[in-house]
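In what follows, subunit A forms one complex with subunit B and a second complex with subunit C.
What follows is the complex of A and B.
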């Protein structure tokens, strides 16, 4: 294992940051998922030695990152907040931070140029950061995290503010890093972003690690919980009558001009629905899965 | 906002201070500050102002006849470099005060505001390296303002004089002038960094720095007047700095107008002035140490 948390707790005065976290992180990409305030940033700060745990031990490469700053040569970190000298160009920013890893000015410049090209910002590299869009800022932050070829990359909400193309490119870079043997820990509160990068997840909620493992392992835990689907129709009562005998359904209830359906097998329900509505000529305005969001999953986990 | 009082990574980091990291921080900070017009004007004003003034002084004292020289000093053979240094130093000290405020006040404040500390300390550097890098950057500007003009004046006197052996004769004076200049650099830099580390706003740090000098200056003068004891001036770091540097650069007696004398009250105890400087420097260092350990983190 590259990093381990053993019974780790962190309090900020009376405020809980993280409680009783026991996690092991290996190579490849690991998604750190949780809503805002779940303890993701605390987790990452502990991992990168910026905080000392109130209890328990954090190890990375078998060393305590808080008391061993030299271990940070092997770690790249992308913080969530903006942390720039706005008048610096992207190239100056990455070069400067790379020099702090012990590289000479020339070597740091060479690495900065390489990595800026890799994140697709070569054309904007000599522009001041104050002229960058939110997505470009995220990419230049990713560049500074990667410039010294770290074995572990810790990325706090790296996709925030990126356009779809930038998002795609960044996800590809992260996946490629994971496939090449790096350990990448990516925090996000958006499930599908993480799903696009990895199978390996750590789920945090209210400062506690609710589950960790592969996606299928965690999903299997949640299989007992029915999925909720909202179907918008002007004739909800008729639709309910037609669907109520379906073997996949657990519950059906009307909510204004829509029908809220709970099912343990959503795929089978989606297959079954078109046939029913086409036979009876019931107009359908919308079909929306209500509980695929991370918040819903956490609600289940907490329950 | 919850405050993590004791657990931000402190001075116990096991990495040795790396000159490369310290120089990288200092170099980057210097190049960023050099982009400010005010900084360029102040450094130019100090260096060229000193050169122009001393050129005039040396021309008067060196190139004209002995009678005119005798009018200005009691001894025609007096150390003209020391006299020129003394006359210029007080002005340079004031420029150094302003430039350390302009350069130093944002040094840590802007990192706190931009949350850049998280980026810094995700690198293999200790707080000591960070502070040393910032210290060197501010001190470099103070050195340019205080030391470079002294060297320029030394070179200028040698250039304008045809006296043999003057270089060796004046060298001790030059080296002796470095003492007060470096002392002033150290005190001003440490104070401004300490104040900068207490705020996340550059303006507040600048105002705080000038307020320390302004308020203590006024209070010390009032108390010295009320109690008829000039030692009260030791409350002010500015008065103490001027008292100590005046003592370190002893002025030969001049026949000429008092305008050539530095208006420093030399009647009060220089030991108290040294103590005052030690306390103010310690306060700056303490503020730095305290604020670097007390970093706000969002839960």
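What follows is the complex of A and C.
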């Protein structure tokens, strides 16, 4: 594992930031999902050594990031707040912060140019940051986080304020990094953004880690919540009559040309369905698990 | 070596940035004020007691400016990064936090030293035909005010790590301590006054009677006070402030957003 949280809690006076977080993060892209105030920024600041846990231990590459600054050489961080040295140009900003990783001036400039090109800001690189739009500011923050080729990239709401094209490009960059073996931890409160980037999730709500793992893993452990499966067929009434006696079914509902099944044992249902439809010759147009989406999972978890 | 290079980079960056702030422009104006007044009144030279004017400016004014300058610049050593939230970029680089503290403090102090030196040198140049300021008086004053500023700035920078209201707290305690302590002779509490030691350093470095009289009248310097004693006192105060600042910054967290998230 790249990073671990062991029973981590963080309080700000009487305000709870994070409670009893126990999470392991491996390679690839991990989405940190939760509404505003859920504890996402606290989680990421603990991970990047900006905050010290009130309780428990945070480890990244087996080291405590708060007391071991040298480990930050392997980490890139994109902060959520709008904070810049406004009079600097984008290129100066990235070069300066890259040099703080120990690169020479020439090497830092070369890396800055490369990464600025990669995030699509080459034309604006020599303009002061104060003239940048919100989306451009996000991109330059992403550039400074990536310039030193970190093994772990921690991104706090990287898509905020970006236009649709910028979002698409940034999502592509993040996915590409994950596919190339980097560890990317990306926070968002927008479900479909995270869904577009990764299967691997950490769900936070009110300072607590409600679940972590892949979407299907998380869904599968929600045993007390029936799985919803939509079966498209031109003969839904007949199919409903055949399925209604199955013991693992909780509910069956017709919705136009489809049947919505609720079951506590989706595997058994998937095994059972072919036999039923083949025996009776009922055509099936589609079978779709309806509630493995992040939104549905999240609704279940916070309900 | 890499750490030193990074510290130099941070110091240079801090120096470049502090020169562009409004408070620095205000401080530059304060530093230049005696020069501007001198230029304005120079044509009526015979009416002005230049010796008195020079002593007052060199002894008193720049010492006060050092204190006020440190209030604003010292508190901003880390305050700028904390309030601008850019501290998050620094604290996620592989450099110990204490290195930032020291490098930024030096960057800010250097900016002040340039202002004060330039102002005094120009003052001496403008006055050269009417009242020659001996080189040792000039350097004595520059040394004393810069030394005092460094100590004040270190105290304020450290105070800023403890409280968001460092300027207010610094002003309150600074005014109380300096106004009270600096008047008590060396045998008493004046050992704790930065201003007092600045006066001693200036007096001893300049070695002139006028400065000595002014110093004695204003801060009650005892004849037995020495240059080395005051330099040591300021050095110790500076070291204590920096060590405390380093200890505080090592455990410093980045600011938490208003809505905890």
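FYI, the second predicted complex is superposed on the first by the 222 of 303 C-alpha atoms of A that agree within 3 Å, B and C clash if a C-alpha of one lies under 4 Å from a C-alpha of the other, contacts with A are read in each partner's own complex, and residues count from 1 in each chain.
As a convention for this text, a residue touches a chain if its C-beta (ideal position, glycine included) is under 8 Å from a C-beta of that chain, and two chains touch if they have at least 3 such contacts.
Keep in mind that what you see is a predicted model, and the values were worked out from it rather than measured.
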Room on subunit A for both subunit B and subunit C (clash or fit): clash
Subunit B versus subunit C as contact partner of A:12, first or second or both or neither: both
Partner chain in contact with A:54 - subunit B first, subunit C second, else both or neither: first
Contacts of A:38 with subunit B and subunit C, given as first, second, both or neither: second
Subunit B versus subunit C as contact partner of A:69, first or second or both or neither: both
Subunit B versus subunit C as contact partner of A:227, first or second or both or neither: neither
First (subunit B), second (subunit C), both or neither touched by A:91: neither
Subunit B versus subunit C as contact partner of A:101, first or second or both or neither: both
Offending stretch of subunit B which, after superposing on A, collides with subunit C (from 58-66, 112-120, 148-156 or 166-174): 112-120
Subunit A positions touched by subunit B in one structure and by subunit C in the second: 12, 15-17, 37, 39, 41-42, 45, 48-52, 69-73, 75, 77, 79, 81-85, 87, 96-97, 99-102, 144
Touch list for subunit A against partner subunit B, complex: 12-13, 15-17, 37, 39, 41-42, 45, 48-52, 54, 66-73, 75, 77, 79, 81-85, 87-88, 92, 96-97, 99-102, 104-105, 144, 154
Complex contacts: residues of subunit A adjacent to subunit C: 12, 15-17, 36-42, 45, 48-52, 69-73, 75, 77, 79-85, 87, 96-97, 99-102, 144
Touching residues (chain side subunit C, partner subunit A) in the complex: 2, 5-6, 9-10, 13, 17, 20, 84-86, 88-97, 251, 253-254, 256-257, 259-261
Complex interface listing, subunit B residues touching subunit A: 2-5, 7-9, 12-15, 18, 20-21, 24-25, 28, 32, 35, 110, 114-116, 118-126, 297-299
